[in-house]
Amino acid sequence: MAVPGAGDAVSNKPKRLNIGVVGIGRMGQRHALNILHLVPRANLLCVCSPAKPDLEWADQHLKPYGVQIYETFEQMIETPGLEAVVISSATALHASQTLVCLERGIHVLCEKPITTDLHELATIIKKAESRPETKLMVGFCRRFDENYMHARKKVQAGDIGTPIVLRSQGCELLDKSGFFVQYAKVSGGIFVDTTIHDIDLTLSFFGEDVKPKALWATGIAAMHKELAEFHDADNAVGVVEFWGGKIAYYYHSRTTTHGYDNCTEVIGTAGKLSINLVPKMNRIEISDAHGIRNEAMPSWSDRYEGAFVTELKDFTAAILDGTELPMKLSSAMTSLRIALALQESLVTGKKIEFDENGNKI
Amino acid sequence: MAVPGAGDAVSNKPKRLNIGVVGIGRMGQRHALNILHLVPRANLLCVCSPAKPDLEWADQHLKPYGVQIYETFEQMIETPGLEAVVISSATALHASQTLVCLERGIHVLCEKPITTDLHELATIIKKAESRPETKLMVGFCRRFDENYMHARKKVQAGDIGTPIVLRSQGCELLDKSGFFVQYAKVSGGIFVDTTIHDIDLTLSFFGEDVKPKALWATGIAAMHKELAEFHDADNAVGVVEFWGGKIAYYYHSRTTTHGYDNCTEVIGTAGKLSINLVPKMNRIEISDAHGIRNEAMPSWSDRYEGAFVTELKDFTAAILDGTELPMKLSSAMTSLRIALALQESLVTGKKIEFDENGNKI
Amino acid sequence: MAVPGAGDAVSNKPKRLNIGVVGIGRMGQRHALNILHLVPRANLLCVCSPAKPDLEWADQHLKPYGVQIYETFEQMIETPGLEAVVISSATALHASQTLVCLERGIHVLCEKPITTDLHELATIIKKAESRPETKLMVGFCRRFDENYMHARKKVQAGDIGTPIVLRSQGCELLDKSGFFVQYAKVSGGIFVDTTIHDIDLTLSFFGEDVKPKALWATGIAAMHKELAEFHDADNAVGVVEFWGGKIAYYYHSRTTTHGYDNCTEVIGTAGKLSINLVPKMNRIEISDAHGIRNEAMPSWSDRYEGAFVTELKDFTAAILDGTELPMKLSSAMTSLRIALALQESLVTGKKIEFDENGNKI
Amino acid sequence: MAVPGAGDAVSNKPKRLNIGVVGIGRMGQRHALNILHLVPRANLLCVCSPAKPDLEWADQHLKPYGVQIYETFEQMIETPGLEAVVISSATALHASQTLVCLERGIHVLCEKPITTDLHELATIIKKAESRPETKLMVGFCRRFDENYMHARKKVQAGDIGTPIVLRSQGCELLDKSGFFVQYAKVSGGIFVDTTIHDIDLTLSFFGEDVKPKALWATGIAAMHKELAEFHDADNAVGVVEFWGGKIAYYYHSRTTTHGYDNCTEVIGTAGKLSINLVPKMNRIEISDAHGIRNEAMPSWSDRYEGAFVTELKDFTAAILDGTELPMKLSSAMTSLRIALALQESLVTGKKIEFDENGNKI
């Protein structure tokens, strides 16, 4: 007994979500390849980029699979059958492209930050709420890492009692190429650019509806002295107090020598979870004249390689199955609010306070 | 500028290897899904199984993707366009199915053991050598784990000098269901069933051409007392001396309480690599009234999840690109020879010696 | 050839420092036994305590060794030959007893806090400076732990470049007996009582002369709700910015379930040292149905058992050899200043700033 | 109320055991200083050595404390009041000196090996049994390490069920000075010289009365090629099967590059204890361009620094209190028997079997 021919079968092939990728720089390429090869329920329909080298890359890696390649977002968005996009274009374009897609009923997974402007974010959220059938998710990839997911389940199951304190850090390898300093100028600052991930995780552990009460930050430009010019730091610490008696504190560094040292500790009334306390690259220990050592995780893209795939899978599933997205838009608002306030505190040296609704006083 | 239509593009789609999976029990299902969803350069053309539940599973999970489903190997092997198979049928069928495929010029990735009979293995190897254009690989999946691959590179780069001693163990969770004891009866015994993986890894580190000189094994039936009836053990230790001054020693247990505790240490004249010395499940540490702990890796299928995918990718690439397979067939012969001799030593209590060609004296 | 009789030899016996212990409660008993049995260059001459049970303990454990036992400090201080004291009496007595000893030329190792009043500390330091031949050391025992000593050497050798950020925490097991809450009332508060150790360590790594620039603290009474009444916390976080571009941040908890979780990370421009990142009790890993675990260090007295002995040895050596004490009195002043300000910030919620001399603005 | 004068009190001073140290080379000096300064219930009465530099060392470090110093064992043994000796002279003298002491009713703690001759050991044990009031202990120091003691308690409490398999290794840093090769010639061989510690630990975990059933060993001279001349190895593996269904397997290396890598795993039917699986020197982790590392324990004398003190304390207490010694002499016999047989197997390549009483067949 053989099944009917392949041609026939194809017609029963499970529905796949047609996705386009906006911007195929470093992250966009990764998203495109993930959709193409690792997300069974998605189909990479099209991509776009204004950059010649990116288009050449797409010609080589995507075109053979029938992916449609465009030079502009406006052209790509017209592709027949397009159902969803992943926005990984320049940050300045995120908000407007998101709005265009929502307007057209195209689901959006937008790289963070969707915007670093609170008013703009409010506008986007309003638009999204007005079109509940169109889904919008901000790409806080760390939530989709299997370790954070597993930890979240434990917290939700009450394994550590009530979470009361959270510590999170995301230290990165010193970049000596000069690239980072240029990037930093437009990044929104250390808290807005990167600590926002730790803040998002905080909400995932403390509860999406938790509200900040007060915060304070400080930082130094220890190696990238140029950062001082635009009031940013390469090593910074921030503390956030939440209404209801919870505290989160963050550290970020742009200057490690060993690799990407990113860990989170969730401390509850009945135990503690430490995620990636020692950022080992793999399961190999080397014993030699240097002692006993592990190689360190080189960078966030290595650390969260699997998380990017899971993120796409979960986004795809939520659309195809009509289920809830794994995170709320209001959380993105809270996270941005906190990140901006930490950045402000870093610059002004002032403590910042919030009312019970989490609005800055 | 948009690329030409999808239809056009499809015709340029990179060549994919048409693979059939023989046997879709637990491992076969995993292979089938891996080929279907995670190996971009492969196409799951067909599967076969004599077992109703497996066919039903295939109807549900594979048929929608156009995969052809057969009740017999003989039918499946006739599928037009079939280029390669993954054999994960009952062990007793591995050898004959492999021979049929080789005869037809169909490439084979066969789950271990391809056979536990040395003469039969010699016949298979002869056949394979007579058809060098048809590739045959035995599925020693642990070689494809990223940690072992990384460690191998380090050893080959001379990072630990000359490897002289290797320790490897593969302890498994106690099975209280009774399944294991039934399985054990036909498994070939503890060394042939599982330590053969550690032996294969030894060759990968010491050199594929290394020859055994002498060995001795002992074991106990500590929990699965029934094993004693057929002279098998649930905890066993074996030591192998190789010509040229190298030693490997192995421990296997079927009775752990914490999980799958599988590690390898490669000791060289200038350093040591320890792979998975502490078999942590993930990057989460739990601190509570029990102390500070990690959950343990539950089973080999969790530990080597990624390795199964890499194995398929590398097998596929070697065929499509016409490159060397990542392991030699002669290694499978050496490994089986050593495993059988360890098992014999376990039963007889005798030390077993080999001549300089690795033939038992 | 035998050496001359023992009697003769005794007269050449190396000079030992005659020490008295003031207060023989829990810590005083430990100091007394350490001096008696584990500090070769010291002689336990006398002890005193107003508490009957402590005197009974001394009768049993010290008297047999010829130690003189007194009911009052005033009596003990007259003991002929007394050269130095260890003050481990009630905190309220530390300052006055220290002053009496200094006045008499008796060297002092005083348990921390010598006082929690900055003016009183200034008076003591002035007195000490007026009698430079009489040594005064505050018992910041963590400095004498072999790990901290080893780390300090590495930092001083430049192994991690310039230290720029320090993280330190000292989480303690939840006390359910009610004792802690009573103690907390007179402890000076969480930062003054315990974080002062982390502050002292900060100075030891950043440089004794480093000056605070600004700080902020927050805390919650998560389990010991009674603490809120006197504005203390059982979980608190504080951040201190130092002049010259350095940051230290602290976390203390009174509510762990696993044990004494005390670690320090010193982050420099060329590397990081993590001291006791995972607070394992010993070198034993237990693998069982709970996973893979270590027992946790139960309490600070277990963690710093060896440090208390080293502290006494180094204090003794500095006096007998006329060398510098291993820490400066001015550091104790800086530490107290920071600890008091953190506590004030915890209570008031206000950020506190300091001028370039480290004086509160 | 002051206690009576010191003179009076001294007469009530707890009885201390008068100990002499025979041989004050490296280990003898350590024992002497330990007794002098760290074992409160012992008094270092005398030492002896034929070596000029050792006598000079004693003049400087021991004489000031009234310790009597002799050039010969025969003189020292006459010291009035001598109650016990620690024998750390040249190995060749251990047996005869032990017999002389037993004859005189002087308790003995003898460094291992007391002898490497089974007949001589039998003679010594017979003599010891004929004088039960005189205690004799062989210095298997690893038993007194706090980790092994703690693990033993857990095993005895049934925490891991019935112990069935034990793995132990004791790898040492490569000695490039040439000293080791000279020493090896008279050491009795790798199993007799060092693995005997692992064997002793095996008995401590499996039960002192466990009997060997069969064993086999193999080894290589990987770096110290000269060892081959006298049939010794610098890397060796041995497996011992015990009557009653238990297995121990050992690895020893003289050629590590990272330090003293000494660990033991006790595997039971309900769990596993791993002691010192990763031989970290201390609690400091260094993160820098080399990755994340710990310095390794340099040598056995660092690893067992505390164990040597505990050994002396327990030996002293057993004598003063008239209690059982913490290990049986018969264990030393079993350990030596196994070690000699492993060494024989290493040389001959033969498997060695024992009858149910543990006598070689």
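Order of writing sets the chain letters: A, B, C and D. Residues in each chain are counted from 1.
One rule holds in what follows: contacts are C-beta pairs under 8 Å (C-beta built on N, C-alpha and C of every residue); 3 or more make two chains touch, one makes a residue touch a chain.
In this text, all values refer to a predicted model and were calculated from it rather than measured experimentally.
For the pair chain C and chain D, chains touching both partners: A, B. The chain with its Cα centroid farthest from the Cα centroid of chain A is D.
Our note on geometry: chain A versus chain C, Cα centroid distance of 44 Å, whole angstroms. For the pair chain A and chain D, the distance between mean C-alpha positions equals 57 Å.
With centres taken as mean Cα positions, chain B sits 37 Å from chain A.
In chain B, the residues that touch at least two other chains are 256-258, 261, 270-272, 277-278, 285-289.
On chain D, the positions that touch chain B within their shared complex are 162, 164-165, 167, 214, 216, 218-223, 235, 237, 239, 241, 245-247, 249, 251, 253, 255-258, 261, 267, 269-272, 277-278, 349-351. Every residue of chain D that touches chain C in the complex is listed here, in rising order: 1-3, 6-7, 9-10, 12-14, 36-38, 40, 63-71, 75, 79, 146-147, 150-151, 154, 159-160, 270-277, 282-289. The part of chain C that touches chain B in the complex is made up of residues 256-259, 261, 278-281, 285-296.
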